[in-house]
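Each of the next two complexes has subunit A plus one other chain: subunit B in the first, subunit C in the second.
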Partner chain A sequence: MKNVIGSSVTRVEDARLLTGQGTYIDDIGVPPNTAHAAIVRSTYPHAIIKSIDVSEALLVPGVKGVITGREIEAYLNPFSVGVSAPVNYYPIAIDKVRYVGEPVAVIVAKDRYVAEDAAELVRVKYEPLQPIVDIEKTMDQDAPLLHENVGSNIANHRSFHYGDVDRAFNEADLIVKHKFHFPKYSATPVETYGIIAQYENSSDRYTIHANFHGPFIIQSVMAGALKIPSNRLRIIIPKDIGGSYGIKAGTFPYMVLLAVASRIAGCPVKWIEDRQEHLSASSSGTDRVTYIEAAVNEDGKVLGLKMKMMDNVGAYIRAPEPACLYRTHANTTGAYDIPNLKIDGYVVMTNKLPTGLIRGYGGQELYFPLERIMQMIAFKLHLDPVDVIQKNLIKTRQFPYQTASGGIYDSGDYERALQLALDTGRYKEFRKKQEEARGKGRIFGVGLACIVEPSGSNMGYITIALTPDERAASLPKSGCTEAATVSMDPMGFVNVRISTAPTGQGHETVTAQIVADVLQIPKEQINVVAELDTSTSPWSIASGSYSSRFASLGSSAVYLAAQKVKKKLLQIGAHHLQVPEEDLYFENAAILSKSDSSIRWPLKRAAGSAHWNPLSLPEGMEPGIYETYYYTAKIAEPPDQNDLINSSITYGFVADMVTVEIDPETGQVEILDYITIHDAGKLLNPLIVDGQIYGGLVHGLGGALYEELAYDEKGQFLTGTFMDYLCPTAPEIPNITIRHIETPSPVTPLGAKGLGEGNTMSAPVAIANAVSDALKPFGVTIDSLPLSPNKIWKLLSEQKAANTLKR
Partner chain B sequence: MGVHQVKLTINGKTVVEGVESRTLLSDFIRDGCGLTGTHVGCEHGVCGSCTVIVDGAAVRSCLMFAVQADGLEIETVEGLSQNGELGPLQKNFKECHGLQCGFCTPGILMSATDYLSKHPEPTTRELKEMLSGHLCRCTGYDGILKAIQKTVEENKETIS
Partner chain C sequence: MNGQGTLKLDAGIEKSWEILLDPHVLEKCIMGCKKLVLVSENTYNAELSIGIAAVKGKYESTIEIADLEEPKHYKLIVKGEGGPGNVEATGIIDLTPIDESSTELAYSYEAEVGGKVAMIGQRMLGGVAKLIIQDFFKKLARELKRIEA
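Entry: the complex of A and B
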């Protein structure tokens, strides 16, 4: 049988999704007595709750209860979080609201229409407080305090020194520095959050169905908040999730809120978030201010970097934050060989929606200043940006490469990938075209970005938020565990259970491909169950879909579980056929002998014997065919005393070249061509791979040009509908060319690395570099996003006015 | 809340039901008729995932009340395939990887079905304009566009 790993097979998920037979959270049905929830939310960014009058709401026919924070508090602990600042985060406001959209009361009613009627009638009296939304001002001594008991709005601060930064800065020919601001934006899956929660008082147990996809370390956080042993919190994930891109990891506070609502109301409660709720009060990426300084030699070689990063996690720091700041810790120096690094990382709180996972998580915030400064270095030294990048890129012979902050880049050929980008995009030709266009008054620009795409997070990285001494006080965390079960039923058919909680990435398909290859049976005969159930699935704290971990970790667990099944079948075969195990191999769903072509035993017979006739098995062998493998990579160690941490398992590479034209009249940025070169090791299914890349790239395009969760300076939320929060639609998509090179990872059994987030990380800065390149003659530089026409037009006008004044 | 009786056709079947005047057509299709293939993504007519065909025109079912559909013919994604066999457009979505999570897909299939029935030879630009009424955050629209274009090509071959 031909290898199916690595081939572009179509997806097993598609038939049901194309016929309306998908089973998303809103499709799975509910127990007959289920009530529906609507949530009353704060209209103020920062205020004391003086009173909540629910009397009128309770009179609405069909209302079963109205529950406030004060009532809910009794059943909850604050959520635990990985920093030492004592921030008390509950899923609902208790005495104070801290962002627009924060839950204040939950209405439980016979249907959603009635629940929303009643929500209108809840009267909340607020005493407004001074809000704060600015990242830097919130750190001031006299800034309004969000959490009085914390004593400041800084939730976490750590400094890291790697190498000899002072020396690098003393010896450098020049220092290039700039301040950058990355905006707050989201991912907006078309399916919003959805939850069905049920409390069973006879056993003090919660069952929650939700479109949550991990990380399942948060199951422990939720059980802690609910004050119950964790095996009495059963979480069941539906077969289909309507996209997430990380945002649905933020479902968990609502899962706990609905769980308690079910307990108080005495019936199961269902809640499907609406779009305004999603935009204002689900989760988002962090906005970040970065001060970056590069110590540079005249030839463009970067000797050292200093980065002061301030991440805004919104009104409460909640798990898995402050991960945005630390997920990319190992790859802070990106694709460059820069041994000296200083990081000053702050996590601050403001009166905005709390943050969490989002595609690219931390990468776009990191690479925006890093890749912008590389271009600024080139401009300052009158070099071509290509030369500066090439001067600093890690060379192929340096792999595995240890980064300044402890990363171990497993494999790559960065120079080749960059060259492929330049050749594909005809860089030199474009430079000539740009020159000619300038003569005609047209504004063309070209931008580059070379980024390292981390995948498969090491669970130890988040503890870098604590000092080595603080870490020593608790158990070390490490690993990146994922699990899978491969079993064969009495008739010899294969079931596979995975715990990667896919949200559209085709894990069922790729799982079937892998198992088909290992067992040499047609992939169509393999049934993959992706619904995760914390009471019955094989899972661990790292399980779930995030950090592009399926290709590196999920697939490894599947592969190795299938290998266990193969091993057992071979042993059964050897015993039954009376030939040595080494002489046997699998082909076309049968066990064959290398030395005797007359021997052929169908796999289903071998598997069947383990069920129907276990006494025929080799001495001491367990009956049944049911093998689980828990996989982790050895290189996912906890941080060491010197704060070195390999925060991810595999590191892919992306080289982008993007060309733009800017309309001088309107400031509109038009992308002419987007070239992206990927190295994600061995590709498991190129069809799915390119789909992931397109999606990630277009999300990055959104971040670059359109998407922002905007607040005014008083903390009022401005983008509560899809008319205000702009997502890219089909006409906005430029020409995109994707090319691959494959340098297999030595770390994973299949040589695969994660992908799909790379361009979400690279596109904002690649486009910003292209726009900066285009506007260089006008003296305009880009240091914030999104690059809307009005922003560009304003920058151009200001610069024109300044130039006129100079004359 | 007053209840009104409506009689309409969904995927060729007659449905007679009592609905409140404020019940959205999208909620009626899903909860009243059990056809959960029609998805609700924004409830303000932007994302397009709830699109169905009403009397031969693609409509956002979240922007219409069920009572307004009284006497009309509605087609949903469940009506696109026969006995589990995918129709040509659906097949091409699969082949061109025109879907990932699949949540926006039914709405896009309905819009494309309606559009192609009226515009058998659309340009790429026209197809993109048609798609601009739908949000897909998974695919970057590439596979979707390819799937529809492939269907257009196949339809041309069938005609000629």
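Entry: the complex of A and C
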């Protein structure tokens, strides 16, 4: 049988999804007495709750209960979070609201219609307080305080110094610096949050069905908040999740809210979030201000970097924050060989929606200033940006490459990938075209981005938010554990259970490919079960769908679990056939002998004997075929005393070349061509890979040109519909050319790396670089996003006016 | 959000003043006003029912009349809260006589909205404010005509 790992097999998920047989959260049946919830939310960004009058709402026929923060508080601890600032975060406001959309009361009623009607009748009296939304101003001593007990709006601050930055800055020929602002934007899956929560008082136990996909470390956080032993919080995720792109990790506060609502109302409670709620009050990406300074030599070589980064986590810091700041810690210097690095990292709170995972998490925030400054260095030194990038790229012979902050880049050939981007995009030709176009008054530009794409997070990295002394006070955290179970039933058919909580990425398909390869059976015969159930699945704290961890970690667990099954079958075969184990191999669902072609024993017989006739098994062997493998990469160590941390397991590479034309009349940016070169090690399924790349790129395109969760200076949220919050749709998708190179990872057993997020990280800055390149003759520099026509038009007009004045 | 405008009232300044501040007239002329109750001198509680974009709902409001300089100047402070959000608006009104039977009214306003109204109605708010104001003065003119007649 041919190798199926690495081939473009079509997805096993698609038949059911395309024929309406997907099983999403809203397709799951509910117990007959299930009630439905609607949530009353704050209309103020910052206010004291003076009173909540629920009397009128309670009179609506069909209402089973109206639950306020005060009642819920009795059943909860605040959620724990990985910083020492004592921020009390509950899933509902108790005495104060801190962002528009914060839950204030939950209506539980016989149906959603009744619940929504009653929600309108809840009277909340507020005493408005001064709001604060600006990242830098919120750090001022006299800024309005969100959390009085914390004493400041800074939730976390750490400084890191690697190498000898002062020397680099003293010795450099020049210093290039700039301030950049990366906006708050979202992920907008078609399916919103959905939860069915049930409390059983007979056993003091919560069961929650939710389209939550981890990280499952949050199961511990939820159990802690609910004040119960963690095995009495059972989380079951549906077979299908209608997209997430990270944002559904933020379902957890609502899971806890609904769990307590079920407890108080005395019945199961179901809630499906609506679109306005999703945009205003689910979760979002993290907005960041970065001051970046590069110490540079005349030839473009960067000697050192200083970065002051300020992450805005919104009204409450909550898990997995402050991870946006630290997920990319090991790869802060990106694809470049820069040994001297200073990081000053702040995590601040403002009266905006709390943040969490979204695709690219931390990457786009990091690479926007880093790749912009590389272009600015080139412009300042009158060099081609290509030359500056090439001068600084890590060379192939340097792998495995240790970064300044402790990362271990496993493999790569960055120069080759960049060259492939330039060749594919015909860089030199475009430069000529650009020159000619300028003569005709047309504005063309080309942008580059070379980024390292981290995948498979080390659970230890989040503790870098604590000082080495603070870390020493608690147990160390490390690893990136993922688990899978491969079993064979009495008829010899294979079931695989995975805990990677896919949200549409095709994990079932790739799992079947891997197991098919190891056991040499047709992939169609392999049944993959991806519905994670914390009471019955093999899982650990790192389990779930985030940090592009399936290709690096999930696939490894599946592969190694299948290897355990193979080993057992080989032992059974050797015993039964009386042939040494080393002489046996698998082919076409049978055990064969290398030395004797007459020997052939069907695998299903071998597996069947472990069920039907266990006494025939080798001495001491357990009956049944049921093997679980818990995989972790050894390189996922906790941070050391010097704050060195390898925050991810594998590091892929993306080289982008984007060409744009800007309409001088309207400021509209048109993308002419988008070339993206990926190196994600060994590709497990190129078809799925390209699908992931398209999706990630379009999300990045949204961040570059369209998407922003906008607030006014008073903290009011302004983008609560898809008319106000603009997402790219099919007509906005440019020409995209994808090319791959494969330098297998030496870290993972299959040589694969994650790749779902690279262009979400690279596209915003690649496009910003293209626009900056286009507008260079006008003296316009891009340092914030999204690049809407009115923003470009304003920049152009201002600059034209300034230029006229100069003359 | 803010705006301003002027219009001509077909009544003398004293009469215009009287009508503008008559709660019965206000109740009739304010769009969606279901009830207007005097709670203390120059302060009313009003029940308003207005739809802005897709956001329809009831607002419990207070309307305060301040800075009274009879018959030429006053200020209206409106605060409303309801299911769809909250509104705070201030309007300044100046009257200048044109002749015996007509008066010029100049107004300016500033308004802030919060909650769902801001979230999904922001784009239309400018237009909605204009609509509400125009509607008010159209009805007021009708009232003036009715009373004059």
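Keep this in mind: the second predicted complex is superposed on the first by the 807 of 807 C-alpha atoms of A that agree within 3 Å, B and C clash if a C-alpha of one lies under 4 Å from a C-alpha of the other, contacts with A are read in each partner's own complex, and residues count from 1 in each chain.
Simple rule for what comes next: a contact is a pair of C-beta atoms (placed from the backbone, for glycine too) under 8 Å apart; a residue touches a chain by one contact, two chains touch by 3 or more.
Only a predicted model underlies this, so the values are computations on that prediction, with no experimental measurement involved.
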First (subunit B), second (subunit C), both or neither touched by A:190: first
First, second, both or neither for A:10, with subunit B first and subunit C second: first
First, second, both or neither for A:43, with subunit B first and subunit C second: second
Which superposed partner A:280 touches (first subunit B, second subunit C, both, neither): second
Partner chain(s) touched by A:766 [first = subunit B, second = subunit C, both, neither]: neither
Which of subunit B and subunit C A:100 touches, first, second, both or neither: second
Per-residue touch tally on subunit A - higher for subunit B or for subunit C: B
Which superposed partner A:120 touches (first subunit B, second subunit C, both, neither): second
Touched partner set for A:730, first subunit B, second subunit C, both or neither: first
Touching partner for A:716 - first (subunit B), second (subunit C), both, neither: second
Shared contact residues on subunit A - subunit B and subunit C: 721, 723
Residues on subunit A engaged by subunit B in the complex (per definition of touch): 10-11, 13-15, 17-22, 24, 26-27, 113, 187-192, 240-243, 245, 272, 274-275, 503-506, 687-688, 690-692, 694-695, 697-699, 721-723, 727-731, 733, 736
Footprint of subunit A on subunit C - complex, ascending: 57-58, 60, 81, 83, 85-86, 112-116, 118-120, 122-123
Residues of subunit B defined as touching subunit A within the complex: 20, 22-23, 30, 35-44, 46-47, 49, 76-78, 80-81, 84, 86, 90, 93-95, 97, 99-106, 109, 125, 127-129, 131-145
Contacting residues of subunit A [partner subunit C, same complex]: 41-45, 100, 119-121, 123, 126, 276, 279-280, 712, 714, 716-721, 723-724
